[in-house]
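What follows is a set of structures for review.
Shared chain: subunit A. Partners: subunit B in the first complex, subunit C in the second.
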Partner chain A sequence: MRKLLSSHTVEARLFAVLLLMVVGLSLATDTFLTVANLTSLLNNNSVNLIWAVGLLVVLVAGGIDISFAVAASVVQYLTAQILGYVGGGNWVLGFLIAGSIGLGLGLINAALIHGFKIVSIVITIATFNAFFGLLMFFTKGRSIYTLPDWWVDRIFLFEYQSASGVWSELHLSVAVMVACLVATAFFINRTTTGRQLYAFGDNPEGARRAGINIALMQAIAFGWCGLMAGIGGLMQVNIAKEVVPNALYGRELDVLAAVVLGGARLGGGKGTVFGCVLGVLFVAITQNGLNLLGVSPFAFQMIIGATILVAISTSNVKIDLSSWFKPKSGQQSRRVDQ
Partner chain B sequence: MHPKDEKYALRMKNVSKRFGGVQALDKVAMEVKAGEVHCLAGENGCGKSTLIKIVTGVYEPDDGTEIEVFGERISSNSPTKARAKGIAVIWQDLALFPHMSVAENIGIDELVGGRPRVAQFKSIKTRAQGVMDRLGVSLDLDAPLSSLPIAQRQVVAIARSLMSDARLVFMDEPTASLTQSETDALLAIVRNLSADGVAVVFVSHRLAEVLDIAERVTVVRDGKLVGVYPTEGMSQSRLGELMTGHMLESEVRARDKTGSDIMLRVTGLSRQDQFENVSFDIKRGEIVGITGLIGSGRTELAHALIGMTRTDQGTIELDREVVRPRNIREAIAKGIAYVSEDRLTLGLVQPQPIADNTVTSVLDKILGSVGLISSQKKNDLVDGWIERFSVKIGETSDAVSTLSGGNQQRVVLAKWLATNPKLLILDSPTVGVDVGARAGIFHIVRELADEGLAILLITDEITEAFYNADRIFHMADGRLQAEYDPHQTSVQQLEERVYA
Partner chain C sequence: MNTRKALVSGLALCAALATSASAETEMGIVVKIGGIPWFNAMEQGILERAEELGVSAEMIGPTSADPALQVRAIEDLIARGVDVIGVVPNDEAALEPVLTKARDAGIVVIAHEGPGLDNVDWNFELASAKGFGEAHAELLCANAEKPGSYAVYVGSLTVPLHNAWADAGVAWMGENCPELTLVGERYGVAESVDDSRSTTLDLIAANEDLRGILAFGSQGPIGAGRAIDERRLTGQVHVMGPFSPGQGRQLVQDGVIAGGYMWNPAEAGRVFVTLGNMLVEGAEVAEGTEIEGLGVVSPDAETRNIITDNLLEINADTVDGLAEQGL
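And now, the complex of A and B:
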């Protein structure tokens, strides 16, 4: 952990800020540090986190994906249609269908980027519009409420009733989220393919000369992001109990902001799953805290914007925590600042 | 599969490669014996790196090219296939991964190729440590590569090439940013490799090094083969002539400038832990060399002169006026120009067009009437400098990264001279630049001095200071140790002092 934090300054700082916020909110309100509030924070952010780690893989590989949230809506709609067609299905079938469609949509992005040799932001803005346009055209903007029972029924992993009678629970989506996080972390940190993704994002020409298959890297990165979009879409229906075609429109920017706050580098080669968790939690706790403190919801967007500015513009400034405890090197760094 | 007694590690002929309008290689041939140290020599842009990229499967050669590696004809090639055949490369631009750890950079080839699997970081680290021990260096294997200075990144690239059991190693200018002792360590390793039967193809601009290490040298000029020569009995100047196709001059040109006005006077300049009590002056039109090992405080001194860092004590007088630049912009305004050591990362915006790079330092001179950049003025200014420096380019709108090292260095010079400086600081201006282009750069530098510019030449190549400076200071441990007049000393004497 210590090593992780010392080589990842952004994560370390965000972690410190988050700790301060948690302590501050626990002292300032008596509603923050309750089981009910914490579990609902987790439930409400599990889908964002699933998307965040999908997007992380794309960012690590030096790309960006604007289309994943809308792709998740497409997945929801198509999955609902197919499940209706086969007469209900079950969770296994649901994961298979949603996962494959998500993967397929991601691979479309990868194929376009590689085929046309156009930067990913342009391609995914295009597919973002294309996916959304097609979705609105076919659904005519209408939501779907008749969904299989297994899909919309709550599955609780954990239930707890406090002394005052308030129920708290963790949903299935939290377990799926943890599985996605663990799988992504293992994939990008421990497998050779994952390390190739970092290498490719860090220095594409160097990766090419090392013999890394560039087309394959694009396919894996965007495919993984698509897969996570699909799984996230599936779980989002479990939470919302309906498929609303434009419900996820705009969520991509929230997730992108959280991932970037968590230290993923736009430009590739850098970013961690832990950073994604911190980023999403930071955004969520800020919002949650402002709610509990009774601050206007408009302040929230402003704070997130300002934080991104501060985080990005100072991410190259080295703050050596260890120097605070060692007077000698502390002096030296002060001398430089004069 | 590969008989151990194979006589040739590499045989190729009719190697051709065309990039659009540029014939980078034209029917080049080369043969490297097993266990031989073979040098590939030629001016920048003659096609050396392209040749290496063809052998290693990065570029597809044009039709007619025949390549045999360890007696085996290569028909379809790729970086992974080449590596499987026992070929390793130290790339000229290193081609490393800045945000990954040193260990992963050294072991990157273990992470590529084959089926996807769990990465064996432990074994990679142990083996990387083994290679570093063999190189006699110690680096923090967990540190991100970006935290290392260029010279140490070069060491990482060298270590990477030694990780696999390669039998044919290409080294594309591996010593360009190394100090003398690091270079010596590398040359010792090259000899060991060769003794173990590994063939090494060595590319370097330091001719002394080439003649020292290689048994034979293949000379290429403008993409064409000039010939293959044994290094036995070959002199530096002869090799330089073969590479450039014309005679090179090598005489001491130091002029006595004691009578001229003082342009720069530095008195008692100090900065804690970097340099101490540095005093010297440079006359109008004089070239003063400062030589010393990396870490002697030379570059730090330059940074202080241009306001990149603050000094603790001492004064800087430029043209009889005390200056105290607080940043580079102020230094430029006062008439100080600085051509950086690391031209690739500090001096130029690589992907930007040549024209824009030339004018970044003088944007105010090309503003049109309404304050926008006048493209007419920009083009005039750029064309003027390009012509003067005979930079070989396609279009001024091409990206700087398409230029060879020597030409990039000329663009950096052009960029700074466009600010009309009084003092020009050149920090290792010929790192990675070949003999022909070096002569060209110093020709320009002398011309500039003749026009009255004061020039501070910082270099760790003693011959460079010796043949081009009017006076030479030896810097060590942050202090100027002694002053030399090139007419009164010799390269050998200077080398003994500096490397003592």
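And now, the complex of A and C:
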């Protein structure tokens, strides 16, 4: 148990805080712990979670991707155009098109990073601007409101009407989110390639000497992130029912903050899918709780920022304490350079 | 890039010069940016009205919303010796010097959406902040079941215009519709469909008596409408606010969005030409003057503003026509 805790301190800590928040909000409001509220929390955060696990794979491999949210916008536009061209399509075709365009955009990032040997943050800031610039240039900022019916129709996995007449439901995006979570968890934990990603992220030079193919690692990490960006983009259209070129601009930082909050290390080699879920839910429940408690919206940003700050800094205190139990050489220095 | 732009606009100028007759009144109207539906509609209004009055008018839309490009376009118009320059400013302060130059050259200068400009003959508005906010509040009061509560969204807590609308709307509600109470001050979510949607879901959960949402900011009515549709509360919670008719068409027809107001860019284009022509012909604008498209006006001679309330209602009857114009 202590081993599990010490290897996943951030997750354990965040889980405890989250549990406290849930209990607190359930007591403070009679609206938090209702089927309607919990299902809408899941619906609203499914797209963020899909992106979060994509970004997690890149972070585990020691990289960072700023461009994925804008890439998702590009995917939405191109998918809408291609579907218009083939005359409608269906979900299978939608997933194929969105997934492959997303994958392609991710591979562009990987090729640039590996080919020019430049750190990923610089390349993805550049591609972030390039993707967005090209999108605005070709679309002239125009939104698309007429989309195929199958794409914007709601598909319910579950619906329920409470005694007071309030409807709750789970959308298709939640099922897709769960599938992405399971696939990512299986991929990074149970496959050889997945374990190699951790090794590569933790110590790229060591991994190279151990015979791991560096180019392949970059391609897999950024390709996976691109794939998730594409799928997330597809599902976001199902929720918003429209394609707006700048709708996702800026979402990358929210997702990045949530993933790092969930214990993924910016230096690489560390991070879990469970942590991602906790990080995203932590931010979402904070915002949801503030709305339900009727706190002034002028204070929202301040409170969310402060909560993240407290969560991150206290989790580091815990790490220092646990390292007293099991002093290990090298651990301290690694903490410093992160 | 700049040379190319200069060349292109030079060519356009030559073409325009070659086609226009010499004695005819000439007008050039510089807008914020070209190629977007809003200003395409304005251009249509300008061209139509110019044909009716037998004057020559053209609209110039820079490739990006950049004050420097507007300055250059106005300088070109001065060099060409047009009679009227119209402008929808990107940045009021950046245009003052070049507008002084235009007026010194004897050119009539008219602005729209530039209430702070000093060097203009007149600036006209089709909507006042107060009138716009109050019109939406009236719509809310007329639609919502009472008693109950309502929420207000703005683009961001720091957008001056949206907050002025919200202030006017909330003040009107307090005086005329006290059975509806405001929940939670105001939410700065209305430039994002996702944010206004999830905030609306939260507010519905937190306030059982929520009856309406006053959403200022282009995406607010859409996001709030989607949330209400999702919660199957159409008819119980009403949304009103300005939005793009093409985007909100379906929601209006489904009865989720009760309606909203906008001002008509095509009408603004027509007013540019009408007013320009009047001023060139030597007419004075004073208290009680009637101007087609603006109605009977009461101009403010001090600030050179003509502020009117010519609002265009977006509702189930008008939304299709407006959407067809690409708005």
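The definition used in the following text is that the second predicted complex is superposed on the first by the 294 of 338 C-alpha atoms of A that agree within 3 Å, B and C clash if a C-alpha of one lies under 4 Å from a C-alpha of the other, contacts with A are read in each partner's own complex, and residues count from 1 in each chain.
FYI, a residue touches a chain if its C-beta (ideal position, glycine included) is under 8 Å from a C-beta of that chain, and two chains touch if they have at least 3 such contacts.
Quick caveat: nothing in here was measured; it's all calculated off a predicted structure.
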- Per the overlay, which chain contacts more subunit A residues, subunit B or subunit C? C
- Message: Quick check for you: in the superposed arrangement, does A:A179 touch first (subunit B), second (subunit C), both or neither?
- Response: neither
- Query: So, A:V244: does it touch subunit B (first), subunit C (second), both, or neither?
  - Reply: second
- Task: State whether A:R265 touches subunit B only (first), subunit C only (second), both chains, or neither.
- Result: first
- Task: With the two complexes superposed on chain A, say which partner A:V23 touches: subunit B (first), subunit C (second), both, or neither.
- Result: neither
- Taking the superposition as given, does A:I212 touch the first partner, subunit B, the second, subunit C, both, or neither? first
- What is the contact status of A:R190 with respect to subunit B (first) and subunit C (second): first, second, both, or neither? first
- Which parts of subunit A are touched by subunit B and by subunit C alike? none
- Please name which positions on subunit A make contact with subunit C in the complex. 29, 31, 34, 36-37, 40, 44, 140-143, 145, 154, 164, 166-167, 169, 236, 239-242, 244, 247, 287-288, 291-298
- Would you mind writing out the residues of subunit A in touch with subunit B in their complex? 3, 7, 190-196, 198-199, 202-203, 205-212, 265, 269-270, 335, 338
- Which part of subunit C faces subunit A closely enough to touch in the complex? 35-37, 157, 183-188, 192-194, 197-199, 201-203, 205-206, 208, 219, 222, 226, 230-232, 244, 246-247, 249
- subunit B contacts subunit A in the complex at 53, 56-58, 78-80, 83, 89, 91, 94-100, 104, 108-109, 111-114, 116-119, 142-144, 272, 310
